[in-house]
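Next up is a structure, given as structure tokens.
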Amino acid sequence: MTEQTARRPSRLFRNLNAKIASIPMILNALVIFLGGTIWTIVYSFTDSRLLPRLNFVGFDQYTRLWVTPRWLVAVENLAIYGACMLVFSLIIGFLLAALLDQKIRFEDTFRTIFLYPFALSFIVTGLVWQWMLNPNFGVQHVVRELGWTNFAFDPLYDSSIVIYGILIAALWQGTGLVMCLMLAGLRGIDEDIWKAARVDGIPTWKTYLFIIIPMMRPVLITTLVIIAASIVKVYDLVVAQTSGGPGISSEVPAKYVYEYMFHAQNLGQGFAASTMMLLSVIIVIVPWAYLEFGRRK
Amino acid sequence: MGTSVSIQDLSLSFGAVTVLQTLNLDVADGEFIVLLGPSGCGKSTLLNCIAGLLDVSQGRIFIKGKNVTWEEPKDRGIGMVFQSYALYPQMTVEKNLSFGLRVAGTPREEIAKRIARAAEILQIEPLLQRKPAALSGGQRQRVAIGRALVRDVDVFLFDEPLSNLDAKLRAELRVEIKLLHRKLQNTMIYVTHDQIEAMTLADRIAVMKGGVIQQLDAPQTIYNRPVNRFVAGFLGSPAMNFLDGQLNGVSSPVFKTGNVSVPLDRYAFEGNGGSRVGPCVFGIRPEHIAFGDAANTMPFATDAEVEIVEPMGSDTLVWTKLGGHNFSFRVEAEKTLRNGDPIRIGFDPARASLFETQSGNRM
Amino acid sequence: MGTSVSIQDLSLSFGAVTVLQTLNLDVADGEFIVLLGPSGCGKSTLLNCIAGLLDVSQGRIFIKGKNVTWEEPKDRGIGMVFQSYALYPQMTVEKNLSFGLRVAGTPREEIAKRIARAAEILQIEPLLQRKPAALSGGQRQRVAIGRALVRDVDVFLFDEPLSNLDAKLRAELRVEIKLLHRKLQNTMIYVTHDQIEAMTLADRIAVMKGGVIQQLDAPQTIYNRPVNRFVAGFLGSPAMNFLDGQLNGVSSPVFKTGNVSVPLDRYAFEGNGGSRVGPCVFGIRPEHIAFGDAANTMPFATDAEVEIVEPMGSDTLVWTKLGGHNFSFRVEAEKTLRNGDPIRIGFDPARASLFETQSGNRM
Amino acid sequence: TDLEVTHWWTSGGEAAAVAEFAKAFDATGNHWVDGAIAGSGDTARPIMISRITGGDPMGATQFNHGRQAEELVKAGLMRDLTDLANKEHWKDVIRPASLLTECTVDGKVYCIPVNIHSWQWLWLSSKAFADAGVPVPKNWNEFVAAAPALEKAGKVPLAVGQQAWQTSGAFQVLMVAIGGPDIYKKVYGDKDAKVAGGPEVAKVFKAADDARKMSAKSKVQDWNQATNLVITGQAGGQIMGDWAQGEFQLAGQVAGKDYNCLPGLGVNAVIQTGGDSFYFPVLKDPEKSKAQEVLASTMLSPKTQVAFNLKKGSLPVRGDVDLNAANDCMKKGLDILAKGNTIPDTNQLMTEDSLTQVNDLFAEFFATPTMTPEDAQKRFADIVAKAD
Amino acid sequence: MSVANTTAGLPRDIAGPYGPKPRRIFSRRNIFLYGTLFVVAAYYLLPLYVMVVTSLKGMPEIRLGNIFSPPLEITFEPWVKAWSTACTGLNCDGLSRGFWNSVRITVPSVFLSIAIASVNGYALANWRFKGADFFFTILIVGAFIPYQVMIYPIVIVLREIGLYGSIWGLVLVHSIFGMPILTLLFRNYFSSMPEELFRAARVDGAGFWGIYFRIMLPMSLPIFVVAVILQVTGIWNDFLFGVIYTKPDTYPMTVQLNNIVNSVQGVKEYNVNMAATLITGLVPLIVYFVSGKLFVRGIAAGAVKG
């Protein structure tokens, strides 16, 4: 057998097409996501106002941020909204999925009904619910006309509960997708598990609670991450529904960032706030991403 | 021995598709019944009906003399073991075994006692604190059996419990199940499409096809006297040889195919024999064929030529032609044959099976 | 006959896991090599390396004398058939067959010619216009083979081509592949973990374990003279009996286990025999054990008692105890034995295999 | 030449006013491409700014008088209009002169003021007071006194929209009215935190507290919805800039009869010289650059000024125009202006950053009944101390 | 005991239950199940109902009646107004202009983003190369970054490449932000396709693009449906990017909607607002109602495998 010089080709050119095809992704990841993030973090240490400028002021923007009541309210709101949104959308989404999983009639119809709000924009959702919750026209008005004249339900105009008013709209829009994911997860579970549980005489609800839900961990995690990401980003909904009011009681961080960057013309402050948001996102996401994608290798 | 499970006129349809058709089956107390059949013939469906996991369309099911047609699975006194094990993945083995009992509110000591007993029988004591993910396939299967065991049931239902395991493990667990049955003396209904399992485990085998039980009999009877061509062809590996041909002669019947005539005087016809003329299929198993000198001692012998030799380790399968049909026979592994070698083969027609071509029924 | 495929010092790792270790394998022109081994031993990985679907970590691969280590799969002159058929679901059979040729820009008439030839060989002419979804499992497998066939390659690679099919079809296609090989005379490398397939198809079998070829030899050699305990245990169904014990006596070696002593004068030790004292494992296959009167003609015979009888249709497996170990032997199906029957069994130690307990190597 | 002009004038009165500009500009043979952005300046400005910094500037854009565009000018993104200003003698015609100063950076003119808007107005609904059976008040104190009667009649005494700028605007009106122009200038202009925390301003916060109580039931978002409450007699009054007048006019109401206005809340008759200016980003196309100049002089021409400001309800920036057509309220404003009782607008004194913080504070204050005026004042003083 | 005399011999009527277990339609389980479903469905449908009803009423009726009562007099005027005459500033052509802008933005954005993401997902699933996972992880983490963080850097990038303000700039932005989730979906989907298919194609000599176009594409309808739905709705509904990265004559419909809703002329014309809202939501809603089933199936195929 003749020894031929078939040398290992250069690493760079192996798989060349795949690398070319990945250029958009690489550019996007590096220039936009990584670059933009670093750019933002760097400028959060400056006193940039209307236009970015590199005049470093240390942690000034951060110290100011954490004494600004509006930011504190925004963070608190996000915490409440986030916790409720996570819990309720998971619970409601799961319950709906479980109901739909009972081999019911008109499953498609119900599913479509639960899912359609997801097709609407937050602007639309916000407007509709602003209208539904308007005390002069909406639910409160209608109930009062029915005779309960003392009935009060005007979450959007009561600063202590306004965030729940927003939650109602958010749940209306978001649970459909959660349900969809959960349903896919439920359908992915081995039919035999159900049979085994029935033979063991385990009631349906216990089967869900102790057997099925623990088995759905991957779906739950994916869903959780999707919800969490949308929570941090919540902005349009608040703008459309309350504009942060009454007062500043329904402010959220994303809105704070936007307004400080553009309205208040204090980019540095906006960047500082967005860096804080990023930090929280990273705290949530990176461990997950590591588990999801790092482990695979 | 009383009747443990009795199925009467059972039918089941999914929408327009009828999967089981007025099926009757009586299983005696302590009997080991194997349901055998090709994929999709309704074995699992039948088992699920017995377990109460599917609503029947027609018919009744009795377990221990009690009509359980409308009972919940848990009230039927059955335990079930699934092909995919269906263990609860997030619970330890112990929890898996005890979950049903705890839900039913069985006292603690009682649970502990039953688990201890099941664990001992199945030798899974060291595994009790592990989760299913940390078990091998065989161990998982044992736990799945244990889950049925702790429930102290009358009837065990197995749905292809071993088909996810590799050949070696399958052989081991097969023996274990056999021993388990001997020890417990429970009624067992066991679904498989592996015929070695069926042959070795069963007291009686029910061979199914298209939702109908074709034959229900002891393994050797099914193997040696299949009621129709389907059963004959389905059992046996290497498979039975089938020769298409004609049955001639009323007084002394002869099977003719190509240039070969096999006298059937020694063949035991079914019933009165009826019309013994017409197209039919002659079947004989590869291991019932003698070869070389031994062939000449057989009632029928002929010359042939080796076409393919398939050494299978323990034996060798040799392919030849008989009356124009492919024809295989089994020889000891030591015999060295080569393609083209002339040989003499023979067999005893008494061991053959004869089927009507049209209906496929045994003649 | 030249060397068709030559693998030299091949290693492959996925990250920290080394799957193949400095593996060497030479396949002669027109040879049919079967890679046999338990799941996860690296069979598919080796095949993928040969096909160029995986980048090797170390070593070289030659096909037809050409170093193809870094060639693209299409330039290696190989065709490959996959376990899951891997037919392109949206193309008709004809399109499936011609895809590779069309990609390569082969002229139309040439494509048509080759497809016609492949379709004829595989008898799939009537299927050419169907889509894979409309084919049965066996037909799909045939198309998958056809796809390799039309490419006119030197080497065929098969990765468990039959393991998705049922037993009967598997047996039929096995014969077809054998005939195909005889007709085409191509080099074929065939992965399986079904030993019947391995035994019947192979010119030589390579038994693998943990990424290392344990033994590479003709089927009968592997079956009768396994080089280590792993190979011995892996091949054969029912499996070989293993008895743990001691080897005593230098001049005339004797194997002792429990109260049983087996004289090994007739056993052909490997090499010079080395130290013939120490712990060892004695293995003998169930079909090499004589029973009843025949046992007394054997160099070694002893009394035993039937424990379990497993009728398997064509034969019956009987379990007993020998020196305290489970011990099985095969008898004809006609023999009727019952649990507890006293019997006499015997065998010829020349047919046994002896392994060092520690290393597992044949002695 | 087509010239795109962005602005946030989208309410009924505003749109009518803009139409005057467009008409006049179109008459010069060019074409006004309207780039209205709804919402308020808060929504629109970011979009304008990002377009300018993003390198896709419009032909002209609205900003408020003051410091909003300061950095854009410094970054050289805005067009220098000095030549045009000299040619047309803007220095001589624009009144008060401070307006042009606002447009001047390093001696160069970068914008044209187009109107004067003042915040210091209390608009009162004749119908509401008639319904409640009390006379129309003459000043803030009377108004506060009349509030219970209005409430009894089922009216909202003071209409305030929920947007932050409205509440903080109302506050600085109160500051001028109650505290007086000097205090106002000290606090907003000199950023004197001591004064901001002092007793004078405390009085202002007391008044703001009154306003908060009176407005508790007005649940509307937009300022013109609040104005609409006054127009329809559902609310007694509204503290709002003179742009509200456009809404009254559009509704066909007559000043002095259907509604009344109290500049400086009837206490201190001064007005701010806030308002809108137009900036002209630097464009590459010379055609368009020329059109920009045409637009600038059109906007400032006496005829357009009159037509525009009558519709808008604001005061013209030229002293030399004839405003006979002006109504009662406008005339009051003109009078004050002629007397020179003017103070600068907050936009002219503080950066947007500080103003946003002030806005936030008052939004919170008005929406949180539990927040005491003292707390609010302390925080206000803090913001003033840090402002620049 | 023989089988015959235990049970089979008994007459049918005293042998107890026979045939399927009777299931009452109004069992407690069913009442609970469907009751819950109907109540929840009502909650989900109510806003849509209110929108439709309100958009068909005249203003006087709205001021008087309650929002849930059906219109006494159906009028389509609000729809006409919302579509063609509602004003923002001087532009009184309602949503109609925004509609076509939205179409012009959505179509290329959907096309481009899906094209890029599917090829990327394919490369990641089948042609892994060193570092690919690293970039992909950044991309995925990037999906969770609040958009506000990116607005400014993107303004700069767009300015530098001269696309700011043009439709193509916006298309690019949509592609950038659509990429993470789409790439993830496609990657998961292609990974779930049998690897052997890909190998077979390689042995057949097809290259990167050959396999993509001739093998993978024809097999990935479900995931393309999901991607199209996600992108159509996402891009059509986008407000933030539409308002920042375009100019008035290319404003998409949502911006136009916001303008109309916020350009209050005296009183809020709720009926026009609702009509405008409905018109804006119509395209994604239709897309959903038409292909919702495929969406669910595709989600199951592409999303759940994390």
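Some notes on this structure:
First chain written, first letter: the chains are A, B, C, D and E, and each begins at residue 1.
Quick note on the criterion: contacts are C-beta pairs under 8 Å (C-beta built on N, C-alpha and C of every residue); 3 or more make two chains touch, one makes a residue touch a chain.
Every value quoted in this text rests on a predicted model; they were computed, and no experiment measured them.
Between chain C and chain D, the least number of touch steps comes to 2. Identification of common neighbours of chain B and chain E yields A, C. Farthest from chain B, judged by the mean position of CA atoms in each chain, is D. The chain with its Cα centre farthest from the Cα centre of chain C is D. Chain E has its Cα centroid 42 Å from the Cα centroid of chain D. Mean C-alpha position of chain C lies 53 Å from that of chain E. Taking each chain's centre as the mean of its C-alpha atoms, chain A lies 15 Å from chain E.
In chain D, the positions touching at least two other chains are 46, 50, 53. Of all residues in chain C, none touches 2 or more other chains.
For chain A, the set of residues touching two or more other chains reads 14, 258, 261, 297. Residue ranges of chain A in contact with chain D, taken from their complex: 49-51, 68-70, 73, 135-136, 154, 157, 159, 242-249, 258-266, 269.
Across the complex, chain B is touched by residues 1, 3, 6-8, 15-22 of chain E. By the touch rule above, chain B contacts chain A in their complex via residues 48, 51-53, 72-75, 78-80, 82-91, 99-100, 103-104, 147-148, 151. Within the complex formed with chain A, the chain E residues making contact are 33-34, 36-37, 40-41, 43-48, 50-51, 54, 62, 66-68, 116, 119-120, 122-124, 127-130, 132-133, 135-154, 157, 175-176, 179, 183, 207-209, 233, 236-240, 254, 257-258, 261, 270, 273-274, 277, 280-281, 284-285, 287-289, 292-293, 295-296, 299-300, 303-306. Of all residues in chain E, those touching chain C in their complex are 194, 196-197, 199-206, 210, 214-215, 218-219.
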